[in-house]
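What follows is a set of structures to go through.
Next come two complexes built around chain A: one with chain B, the other with chain C.
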Partner chain A sequence: MKKALSISILVIMLITFSGLASAQTELSLWYHGAGNETERSILLGIIDDFNASQSDYTVVLEEFPQESYNSSIVAAALAGDLPDIIDVDGPVMPGWAWAGYMVPLQLSEGALDGFLPGAIGEYNGEVYAVGLWDAAVSIYARRSVLEANMIRIPTLDDPWTGDEFDGILETLQATGEFEYALDLGMAWTGEWYPYAFSPFLQSFGGDMIDRSTYLTAEGVLNGDAGVAFGNWWQSLFERGLAPGTSQDGADRETGFIDGKYALQWNGNWAGIGALEAVGDDLLFLPAPDFGSGSTIGAASWQFGISSSSENKEGANAFIEFAIQDEYLAAFSDGIGLIPATAGAAEMSQHYSMGGALEVYFGLSEAQALVRPVTPGYATLALIFEKALADIANGADVQDTLDAAVDEIDQDIEDNMGYGFDM
Partner chain B sequence: MKTMSLETRQNLIIGLRYALLILISAIFIFPIVFMVVSSLKPDIQLLRDSGSLRAFLPVGDISLNNYADAFERVPMVQFAFNSIFTTAVSVGASLWLNSMAAFSFAFLKWRGKAIVLSLIIATFIVPFEVVAIPMLLIANNLPWIGPNGIEIGWLNSYHVQIIPFIADSLGIFLFYQYFRDLPDELVEAARIDGASIFQIYARIIMPIAGPILATVAILKFLTMWNAYLWPLMTIRSEELRPIMVGLQYFFQLNTAWGEIMAYLSVVTIPVLIFYLALQRAFIESIATSGIKG
Partner chain C sequence: MISAATARRNAPLWVRLLLPKDAPLYQRNDAVMGWLMAFPALLVLTVFLVIPFLMAFVISFTNQRLISPNPAEWVGLRNFERLLTIRPFTLEPERDESGAFVYDDDGSLSYPRLRNFTRNNPDYPDLDGLREFTSWQAGENRTVILAADVVFLRALINTLIFAAVIAPLQGGLALLLALLLNQALPFINVFRSIYFAPVVVSMVVVALLWRFIYDGNNGLLNTILGMITFGSFQPVDWLGNPYTAMPAMIAMSAWQAVGFHMVIWLAGLQTIPVSLYEAAGLDGAGAWQKFRYVTWPGLRNTAVLVLIVITIQAMGLFIQVDVMTRGGPLDTTQSVVYQAVQRGYGKQDMAEGAAISVILFVIVFTIAMVQRYLTRERN
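For the complex of A and B:
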């Protein structure tokens, strides 16, 4: 009798515990970093910590290569097979939100206090995604070169003016020591063009689209400021100050380090490699101010929640857990990107006071402007890239910008305003 | 004098012919040489050398580090197994199914045969990208018997990488073209001897179809080995990914060019082995088709 009772209790306990175990809900997380062992180990660490910190959810990671990640998400959305948590590139987020792939986050009040603006994925007044880091662009220069040519070293508060910058390029080119005064990275086609070059346009006072309505590019891309930018842009190549669209990708990678280029427009992700090659002589300088302030691009990869998730509460809990300073700092130390908060920057190796890349946090904080927050961005970016390449290759500035505006406006009309009131 | 002149002329022609052949060979071989040589160099050196003849020479800081790093970054053995498995099954099944279909078109009499054949051949002009999304939606709603009984949806599996590619219009067409040119007497004689249709297919036709089997096998092998878009759309788990998707693992913020070359060098080896194993039959098939044309 006793034996039977013991067995019964054991069976009940087993059933109870197995029930408890199965009560843990699985949350699927798709991530773009396959092939990056450092990112993977940091993310797995966060997941392990989260899984251990509570008993309701277990996050399971599926990794995808970055180059094809967006295609995988779109295919999964078509098949109705999206995971609970997705990561999304900043400028892509509005498109996915508009397409219904994502829902707004429901984080605790104050959870995003102190975050860099570029790390917060806001669309239509709601936060859809949050990034653990941001990226920034600056001018790479050698202190010795600037000093030898008596060129002032600009600061965040006192950047080079447009005219000053132009004169510096002429001066450096005239030394004859460099093939080109400035490497803009024309060999990096694709998203680099809108991300890296639209800030120049914005500094001139123009933009890729009218952000007050998101319904037209008329007057902002092809207005006076846009044309002034276009003329300056074209002159860089006409005067032989910068390599054009035929730039060799290998030169982009090594040209500045090898001394072919005096200055280089490049991102913080290349900073550590450049420092190793150039040493203390390397400077990261703020973008020039062409009249409407110095501007750089912002927004990198961020976490969001899919609309088909049946466990949105758990997904929100994971994202809120992941955005702790210690994890932001860990990612920054691991992959070199800018931590999303000042607290995390202070904890990080490269962005803390005196760190090799410290300047980038200030740049991101002061100059960052996210790319146009519209579902139409993907098309807008392609049109903008083509227009800039055409102008660099000698096309008429006004005609090219007018044609780009027509194409952008037509796309907006074809898509019934992309959700904005027409 | 006249003989000497003729000899010289002939030598000149032979010399020119060899020069042309060497030039054409170089066009095909140089990218492979570049790939293998670059796989031995660190990224910075690889990029610096790429603008000169040094790109084709194993000079400078040479090592196998890129291979070690590539194996560390990508689960290459798992990916290679997945690709070998899906490719082998697809090639085998494809040879069997498509040859049977072609046999039917070539030797059997049934109503509507010409129309069906025309429809199959017409699918040549539809690129895979056009049908990829409908195929995805269909595959997502098909039943399969799994460990938990009947499940709906084929996504994230080996069979979704194999079954949709077994039936192949190009394979059917190539087999049909080959079978059509075989003498009818072969089949008639077998029939008179009392052979069944399957016996004629298996014992009379297939044993003499070596060249076309090799051709279809190579083409199918290349298609399956290079599969990229479809696995990208249908496979979620790393454990099931084929080798070509793995190539994307190297395109990070700072692209690992040396590792890419190392990975590609490894990925190319099975293709070369497969081609070399079947090249005699492959060339024979092309030569035979040319004569018959």
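For the complex of A and C:
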């Protein structure tokens, strides 16, 4: 009887243990795109494929609306309840890495070969996140309008120069056919300002912060180049060439298509819609070169791993699985983003040779420059946005940039250098 | 009927402990029931209002960040000094080597840049980090008011102006509407509902709609004004012009909430006995005299309520700013709460956001106390 009991206990233990050994570990994944059915189905497809491809891990998706995603992560971090796999917006990543929410990825050698620089989230010499796509910005124009006004069509290698661009805006405004020559998208407050407008400043030779130390903006944002940019920026609104900060959102969405604006500074995500409305006449042109080359902003949403994950190996395995070309292409076809590799671009509908948005892949490859890689970016971005809005509304350029620099430097000092050596 | 002693014995322990033994049981029961009824509200108020406010108060004396590996430290009054420091400063015109004034090309006096004094100047340590808030000419010198936080100061002044203008404006309009609608006309409820409708709509939606109305080129307001004046009206960029942005915001805010206070005035009007009007009529009072000597005294308590509510709501100005202007153009529509959110959450500086909240609390508390004092019952 005793023997029988111990044997049955042994059997039960064996069953339990083997059961444990074969049970799959759950990996939680948080994603920012709640409400977008296409995005959801593509992501679920990847997750199903991954779950079927091996027997150790099961990835479970949880979605959040984009507006509340970041605060959900911060709240989860404070509560010690982060998911295994985190979805993170490029410029936000250094802040989360610095705060200890995230750990560097451990991908196999060469996993990121051929990726667009903007899709690789690097901070402090380590890769913390990788994106399945990037985004890019270009000038929307109508071929017929440019030709009617004898305007040269620029190329990636030979973009408009700053003076040429300015002259073109004057010419287009003088035709009287348009309310404004250029729509910059001033209605899109928030991250659009640093993302879309800091490249102009960089092209003038300035920047939002001194990237060699990340400890000050003095001389970089408010130096001669910064002031030259500021004066040009202000003059766009003074001369009535571009709608200002009070532009309404509807005009931003349809103004170019309706012919109110001659040119528009806009992202690849709006490209398909514009093509459907305007047709073959539509051109996507590279940013002008104000002297220090043309740049455009880079880095979109990416995947990384939380520091509190107990299954980092599994999380790494999922991310490595997800960055295959076919999935990159699927996201691109589904929601119009730029696939992160050339191979995926070739497989995609819009970015392959002859595809409607092919030009954007070249733009991203050649001109993308990530926004300042510092945990202080969130603050930096808001200070920069306010400075640009104030200058557009007629504030003194030098005073405004000086004040912005003071605020940026004070913030860096308050945060003891944000982890950079002071 | 059971005796009090039996009831006491049968009552739960905590009920017996809560009140002195000699209190009659019905009293004890009233007190217990009172606390029980208040308990849910007290719990919610404590968890969502009292505790967060106490936390904000504590945080405002630290350098707590929203996201940071650095531990929070006590910094004393630093956050308040950075927000509230104001200093006058006299700027003398530049002189050449002989001591004569230097003139600009257009013949006006030339002054040194303020930043020479306010940034890393060992001779003026108390000016370090300050910026010009406003200035005026005094003889050949310029008097400059320097502030540590120009934007916050603007936000504070804007909010006070907003409250000072909107309280009489919105309260007065609401009273006017209430008087018009306090009549036994057919379909009067339809009109009451129409004027109340904007109150039910979310402020975010109203603000978005008014952005279109205020549009500088083809907005509804410009179009209507153009039609009325047969095209001679020059379109105004209402929200993009520093001179019109705040008035536009005030007008829109008053429109949105006027229905709410109209209903309160209506309720107040209906408590005034009709017999008083009849008596006044018999005494030969005209319409104005009836209003002045019957209606207005009868509305005294309502007026206090309406003014206090509007003022406190006005001090919390946020959504209109966030949706319509984000504080621009040139800080003409900055508000205190918008700055608290912008800094505490956007710029991740919780301590500064908390300090702004504490300052706002003190202001609202003071206003409420002063209003209470001015409108107290005089016996």
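The rule is short, and it goes like this: the second predicted complex is superposed on the first by the 401 of 422 C-alpha atoms of A that agree within 3 Å, B and C clash if a C-alpha of one lies under 4 Å from a C-alpha of the other, contacts with A are read in each partner's own complex, and residues count from 1 in each chain.
The rule is short, and it goes like this: a contact is a pair of C-beta atoms (placed from the backbone, for glycine too) under 8 Å apart; a residue touches a chain by one contact, two chains touch by 3 or more.
Computed from a prediction, not measured in an experiment: that's the story for all the values here.
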item	value
Fit or clash - chain C, chain B, common chain A	clash
First, second, both or neither for A:Gly240, with chain B first and chain C second	neither
Partner chain(s) touched by A:Glu62 [first = chain B, second = chain C, both, neither]	first
Partner chain in contact with A:Asp411 - chain B first, chain C second, else both or neither	second
Touching partner for A:Asp248 - first (chain B), second (chain C), both, neither	both
Touched partner set for A:Trp98, first chain B, second chain C, both or neither	second
Touching partner for A:Ala75 - first (chain B), second (chain C), both, neither	first
Partner chain in contact with A:Gly45 - chain B first, chain C second, else both or neither	neither
Doubly contacted chain A residues - partners chain C and chain B	248-250
Chain A partner contacts - residues on chain C that touch it in the complex	63, 65-70, 115, 119, 129, 131-132, 150, 211-212, 214-217, 219, 237-240, 242, 325-331, 342, 346-349
Contact footprint of chain B on chain A as seen in their complex	30, 34-37, 62-63, 65-68, 71-72, 75-76, 78-81, 248-250, 253-254, 257-258, 267, 269-270, 273, 335
Touch list for chain A against partner chain C, complex	74, 77, 95-96, 98-101, 179, 189, 244-246, 248-251, 375, 378-379, 382-383, 386, 389-390, 393-395, 399, 402-403, 406, 410-411, 414-416, 419
Chain B to chain A touching residues, read off their complex	43-44, 47-48, 50-51, 72-74, 133, 136-137, 140, 153, 155, 229, 232-234, 236-238, 245-246, 248-254
